[in-house]
Amino acid sequence: MHSYRFVSFRTAFRTAFGAAFSAALLLCVTACRDAADDRARANGIVDDFGDTLALASPPQRIVSLNPATTELVFALGAGSRLVGRSRWDTYPDSARLVPDLGDGMRPNVEVVLASRADLVLLYASGENRSARDALRRSGVATLAQRFDRIAEFGPAVVQLGRVLGDTMRAHTVRDSVYASLERARVLVEGRPRPRVVWPLWLSPLLAAGRGSFLTDLLVIAGAENIFADIDAPSPQVTFEEIVRRDPDIVLAGPVQAAELRAEPRWRALRAVREGRIAIYDTTLVGRPGVRLGEAALHLASVLHPSAGTGK
Amino acid sequence: MIAFDRVIVRYGGASRAAVDGVSFRAPLGAVTAVVGPNGSGKSTLVRALLGRVPVEAGRISIGGDDVTVLSRREIARRVAVLVQREEPAFPLPVADYVALGRYAHEGPWRATGAVTDPAVADAMETAGATALRDRRTDELSGGEWQRVRIARALAQGGQALVLDEPSTFLDIAHEMAQFELLASLARRGGAVLLVSHQLNLVARFATTIVLLDEGVIVAHGAPDDVMRGEVLERVYRWPLVVSRDPAVGAPMLVPLRAPSTP
Amino acid sequence: MKRWRWVALGAAVVFAVVLGLGAGSVGLAPGDVLAALTGAGDATVRTIVLDVRLPRVALAVIAGAALAMSGATLQGVLRNPLAEPYLLGVSGGAAVGAVVMTAAASVAPALVTAGAMVGAAIAVALVIAVARAAGGRFDPRILLMAGVVVGAFANAAIMIVLANAPASSVRGALWWMMGSLADASWYDVAWVAPLVVLGAGFLWARARDIDVLALGEDAAAGLGADVDRAARALFLAAALLAAATVAAAGLIGFVGLIVPSMARALGARRARQTLAASALTGAALLTVADLLARTLRSPAELPVGAITAVVGVPFFLVQLARIR
């Protein structure tokens, strides 16, 4: 009589095999493309995507799609060569005069191409890989950088300086930033180090962890992060945990400080009850960039009001 | 043409078989009717023929060949089955719908039956549906729809036609016309197997009646032999009489009112 | 379907392609676009037209046709005008595969698409297994419910993966889930096109099975169809079309749902007519939707799935109201 089994194991196996085969094929194609890159790597500059950059002469038309690199380009004296920026790049003020090309993450390739740039500076996150592919296929050079830690800032500046053709100036910028960081450290040396909680976002509740440069800044500014034992840059934490760790100071931007003053549960913290909410300038302390030194000094003065500004 | 030989069909896990050792034939040139109360197994027989229910024991054969050795396409070329309800999910022009009947005759990779196939036109002619050619299936009345369905069944080109409760949604005129059509198909040499609860019409048109009750054949033979008061009353569990009207010329069943009604 | 309607559909596709090439976030003069197409003119304009817009429009045409044909097939086989590839869990599975790959961070796009196809294949197998356990036969209602269940399960899996992923990769995964043709390259077109041609060719050849299955399982069996096998083959071909599209362009909804209704409204009746009309309509629709997605808020982009929803929902409501 007729069989009523709907799917045989043969069919299931064939489907799985077909899928696995296609996946393997795609993997091979990817690997082949990587091999070609390895050869070029020996000679040129290698960026944070692992791509090699070999420019014959310094780029004259630069697009920077990242606030950190935009301010660096200006600091390195190449601001006049910028023909495009991302919509978030508003420092220094002269950056606002550079054409706004839209998002820095998943940028609009067409618009970037229309600016006829010879170098595009991208933030090296997975989302920008396809833009990198599209730009390189069209013959435009790309440099993808990512410096999320203070230690990574120095090499990144120097690399960018090499690409722009002014290594000496890059070294000067780097040294100047590190010097002001050192000044901040000296300013608060010997003082008692308060224990700080730094809520970066209120819902979900995210705090700065050891993986973030913000913690490095805190240390330089003479304080301790109560969540320095967590590796992630911005881990999600529970409010109970903050209460348990009993910080001395809550560090927040002006908007956030207003928000948490309005939320009754924050009064469970001794720091809030004692009025020890330190408010800092969020536009200054956002990312590792040229203003790192300024940021450290600012934090130091906010956390240690009696120390003066040390300028 | 179609033969059931000691067929037993049991729905999964049921204690009583839906069809329990049924044997009968539906030969060419005759209208064979299967009748019985609800749940007697009439529709199950049709579904067993379609291969939609598992047959526990016995043999069903078409044209002498066991259905288990025939492919569905071969079966479709010999027998056309009209189930009780059919509603296409999306409307089709009638001509296209009837042409679908040629499915079993085409190679696996051809388009649906050419509307110009002569078999399609013949089928519509025989079923009296030619005038409906250009209408859409969702625009037809009950009677027209049934005629079109029969046309499609005829387009399958087989010698046997099986219908499950074909007159459920038909009025008198359409019902009579349909039975006349079935009778003429049998006269022309086809085998018609009919499942119906319209005992009186069946008595007038069928050559043989098979009376089922709870999966078992209770009576089998010519209408005059099967249409007997005592047997029918027992099977249908309702008081009735069987009379004969000279104008009709066939036994006629008349159910009586319930005895306690004042 | 009347001859002139086919011509109009073809013209609509051509028109959509022309629009898609000529318009974009960068304003280009028609003369420049034409020159670029012939290989002449300014190098940058050539790059924009040939390497950015042309593959994108090509992918929109292919994906639109694939999604529409997949929806048309499923609606016929499952006898339900609400059936579409996403209801059957294909999208859910593909999304899980892709999101898992994306959340693993710094993964090549090719691996993401491979993940999507594997995810879709697993989802289809799961739906079939659930339906088999529930009834064993190819019952449309059971299949639809199994699809919804698998889709819901996939959504839950995605939420869990996203909750634990680093913030930077969440955005990428979300974009993919909203559907986007922005990353289209000739590489994508090169591997999606053969898959779609394969699936579409199979459906075209087996179109009579769709017609017959649309009558109902009993009627189809009576006509001589091997219902289980035919339905399974069609189902898998439709799933292949949907999975290829999802892998290349993320989750674009509503095309598989509404385009077959549009095709039927234009007069398509038999399966081959419906497939062809759906393919053309879907291609034109998605191309125009993508054009809107990249020009409405230029230079920012909207997810194309949102555009198809905005277009699709009113149309569908109108169709629903017309049902007697």
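Letters A, B and C name the chains as they come in the text, with residue numbers starting at 1 for each one.
Here, contacts are C-beta pairs under 8 Å (C-beta built on N, C-alpha and C of every residue); 3 or more make two chains touch, one makes a residue touch a chain.
In this text, all values refer to a predicted model and were calculated from it rather than measured experimentally.
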| item | value |
| --- | --- |
| Identifier of the chain whose CA centre is least distant from the whole-structure CA centre | C |
| Label of the chain whose CA centroid is most distant from the centroid of chain C | B |
| Computed distance of Cα centres, chain C from chain A, in Å | 36 |
| Chain A and chain B, separation of their C-alpha mean positions in angstrom | 76 |
| Chain B-chain C separation of Cα centroids, rounded to whole Å | 43 |
| Numbers and ranges of chain B residues touching at least 2 other chains | 51 |
| Where chain C touches two or more other chains, by residue | none |
| Per-residue overlap in chain A, given as positions that touch at least 2 other chains | 4 |
| Chain A-facing residues of chain C, complex | 24-26, 44, 47-48, 51-53, 102, 105-111, 113-115, 117-118, 121-122, 124-125, 128-129, 131-132, 136-138, 166-169, 171-172, 175, 182-183, 185, 191, 228, 232, 236, 294, 298-301 |
| Chain B partner contacts - residues on chain C that touch it in the complex | 75-76, 79-81, 205-208, 211-212, 214-219, 221-226, 264, 269-272 |
| Chain C-touching residues of chain B, taken from the complex the two chains share | 47, 50-52, 72-77, 80-83, 86-93, 96, 100-101, 103-104, 106, 108-113, 156 |
| Touching residues (chain side chain A, partner chain C) in the complex | 4-7, 11-12, 15-16, 18-20, 22-23, 26-27, 29-30, 101-103, 105-106, 108-111, 113-114, 116, 125-127, 129-130, 133-134, 137-139, 232, 234 |
